[in-house]
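Before anything else, here is the set of structures, which you'll find just below.
What follows is a pair of complexes built around subunit A, which joins subunit B in one and subunit C in the other.
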Partner chain A sequence: MLAEKALDLIRELKRTSGGTLPPFNEDKIRQVLEEVQTLFEQNRDTAKYAAEGQHDVLAAIQLRHAGIQRNKRCLLAYLYNRLENIRRMRWEFGSVLPADVKYNMCEHEVQWFNQYNRLLANYMRSIGESGGLDLTQDMKPPKSLYVLVRCLMDHGEFETQDGTVILLKKNSQHYLMRSECEHLIRQGVLEHIVQ
Partner chain B sequence: MAANFTLDSNPDSYFSLDDILASQEKVPCTFNTQVSNMGYMDQSTTDTNIVSGTKLELPFWLAKSLDRGSRSIINIDTPKNYKEVYRQIFTADPNVVDLHKLGPYFYLFGGKLISLHLPDNDDIASVLLKTFQGRFRRIMDGSQNTLNVDLTSQVSLLDEQERLLFSAGQQGLHDFQKWETRESEKLSTSTMVANHRKRKRFVLSSKSS
Partner chain C sequence: MSTEDVGDDLLETVDDEEEEEAMTAPEVLHKLEEAWLNEKFSPDLLPVKSNLVECMLDQIVAMENNISTLKKGDFRISVHRMEIDRIRYVISSYLRHRLAKIESLTTHVLQEEEKRRDSENVLMSPAELEFAKGYCNSVMTHLTNTALDHMPLKAATPNAKEIAVLPNLDSYVFLKVNENTENVLVEEETVDAREEIMDFEKGDQHIMRYKPIASLVESGGVSLI
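Let's look at the complex of A and B:
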């Protein structure tokens, strides 16, 4: 059947859940491109007969052309949805992605991610008063300046804004500035305790 | 939030995964003319050509692009699941049918079928609407009133779009519950990070065992 391989790519994306990125399926993409190339060449060859007045080949041309269009749509959707996924991860994981996600990205995606990172950083620096505004902060409206947190894992030393160094050891509790520890909570290192 | 990675916000988009999958559903077609050199599409014969009169199940996207009114090279028939027999079943009691089994994109694909201008177009359209109306109450009831109960048996009967509705209802219920217990102001780990970590732990534990 036409465009069967391209559909496999789409199914593959559909299967994956949030928080993961499937490996970039370069092999399958090449196969799809080869299929498109074959269909295109066949069409180009038969188009000659059509121009000479043989109208019975028109149906075949139509059929193959639809196949090309479909393959194109699937490929573009595959790439686009992966990028969307990566973009979402930038907001959830922060500017450094986990190693296994990075490993599954292709070279162009890595490039895109770096550029996106730079754009976002430049933008965040340009807005707000001097020093910029971190858009990934305060995802929920802040109610207090300090929050009580508990460590869920050993994270090592952490230097606060006023210069004190605290040791984030598993199960220890700290009273930290909300703006400083929010990203650690988002990353699952700390747990927010509400009294 | 949960809807973010399960279904796209706009199912009509060119890049929508669901739209692509829904347009893959098969439509029975009959060829009016001979199509040369495309015989490999019909796996029941070894001919090099598709001969006139061949009946094939084509995916919707192909049927749609070949559909050119009366001068079309194919004749399109109504798919089995949308025919009179099934329409009667849906009208009798929409709540008992397993729409996921009848094509996980029952409504989305049904909507696409309408654009083919089949002879029983109006009937299909009204059955789609009535089926949804009949089922909606139960979906809403189930998603709005059950907290932390296993609903797999109910959800498994739903079509993809109904599942989206269902999870939206559940999400709303959970958010409300959180607000009531003042949990909503609590900062929490992002769901994506949590999922990623769970998966990693699973991989690590399966490696060590």
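Let's look at the complex of A and C:
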């Protein structure tokens, strides 16, 4: 059936649960592009007959044209949604993506990600006069100044704002300022203990 | 904790923090909070309030300087730190919401900005505009490189109109009226219903479609809640 493969791509998007990025489906994309090419060539050949006055081929041309359009739309939707997914991860993980995510990205997506990183960094630097504001901090409304955290892995020494150095050892618990350890919590080094 | 509480707390501290600006700093913060909520709940991008953001960022720096003059262990430090955290959250959340909208509605906001270019009331700050343009370009390049380049020429031209994501202006919003406004056209005349006109009184709260009241949100006549 026409545009079946493109629909598969959309189904793949739908199946993807939040927070993961499936491998870039290069094979299927190539197949869709080939289908577009075939449809286009068929149309070009038939168009000659139509020009000669055979009006019964017009319906076929239109159907193929709709197929091309649909393929294109599904393909762009697939690519665009992947970008959105990657963008969400940028906010979650910071400027360096985990290796397994990176492995599933295609070369162009890596390029796009780097570009996006640069744009975002430039923008955040330009906020205010005193060297910018990190928008990826303060993701949740602050409830209290200090939070109780537990270390999930050995992270080494960590210097707090007032100059005290603490050792983040696995399974140790600390009472830290929320603004300082927020990114460590998101990276999974610390765990916020909710009482 | 409700926003109301946060607001009140903030007002107090900023108040005794900056005595010479006691009249303005709380007002600025209040305005910023209103802008933040409006931005959060409106489906479309609203004009940027960069002066409010910059003013509050300066306030934060001033407060931090004040804190550093206090002795270590002074209980006021933690109170002020908390306020700084709260203000910073409001600012970053405000800018984040804007960025998210710019990213999803890129083409749309760029067109809107083009329309407003000459007026005073710009939609985006220069930095945001640069970001929007860069983002638009990078997405288009990606789509071109991965898919469009491999299609036959005729099909490959990207149609801006087809690709643009438009905000859903018909989505419903909660709103609170700040100024008495009369004769607001809430519903246009259709085939089977007459037009609906309402008078807004200060303090009223409504749920209605965003589109008819979009201009009021911009002028500050109503605020979204």
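Assume the second predicted complex is superposed on the first by the 180 of 195 C-alpha atoms of A that agree within 3 Å, B and C clash if a C-alpha of one lies under 4 Å from a C-alpha of the other, contacts with A are read in each partner's own complex, and residues count from 1 in each chain.
Basically, contacts are C-beta pairs under 8 Å (C-beta built on N, C-alpha and C of every residue); 3 or more make two chains touch, one makes a residue touch a chain.
Here the structure is a predicted model, which means the values were calculated and not measured.
By the touch criterion defined above, A:Gln69 lies against subunit B and subunit C together after alignment on the C-alpha atoms of chain A. Of the two partner chains, subunit B is the only one touched by A:Ile185; subunit C is not. When the two complexes are overlaid on their common chain A, residue A:Arg90 makes contact with neither subunit B nor subunit C. When the shared chain is aligned, subunit C comes close enough to touch A:Ile127, but subunit B does not. Shared-chain residue A:Lys143: touches subunit B and subunit C both.
Residue contacts after overlaying the shared chain place A:His155 against neither subunit B nor subunit C.
Contacts of A:Tyr80 after superposition on the shared chain: both subunit B and subunit C are touched. Once the two complexes are laid over each other on the shared chain, residue contacts for A:Pro98 go to subunit B alone; subunit C is not touched. Of the two partner chains, subunit C is the only one touched by A:Cys106; subunit B is not.
Looking at subunit A, you'll find residues 69, 73, 76, 80, 140-141, 143, 178 touch subunit B in one structure and subunit C in the other. The touching residues of subunit B, when paired with subunit A in their complex, are 4-5, 14-17, 20-21, 24, 33-38, 41, 59, 61-62, 65-66, 73, 182-200. Against subunit C, in their complex, subunit A makes its touches with residues 29, 33, 36-37, 40-41, 68-69, 72-73, 75-76, 79-80, 83-84, 87, 106, 108-109, 111-112, 115-116, 119-120, 122-123, 126-130, 133-135, 137-138, 140-145, 162, 177-179.
The touching residues of subunit A, when paired with subunit B in their complex, are 1-2, 7, 10-11, 13-14, 17-20, 42, 46, 56-57, 59-60, 62-67, 69-70, 73-74, 76-77, 80-81, 85, 88-89, 92-93, 98, 100-101, 140-141, 143, 147, 178, 182, 185-188, 191-192, 194.
If you check the complex, the residues on subunit C that touch subunit A are 1, 6, 53-54, 57-58, 61, 72, 78, 81-82, 85-86, 88-89, 91-93, 95-96, 99, 103-104, 127-128, 130-131, 134-135, 138-139, 141-143, 145-147, 150-152, 154-155, 158, 162-163.
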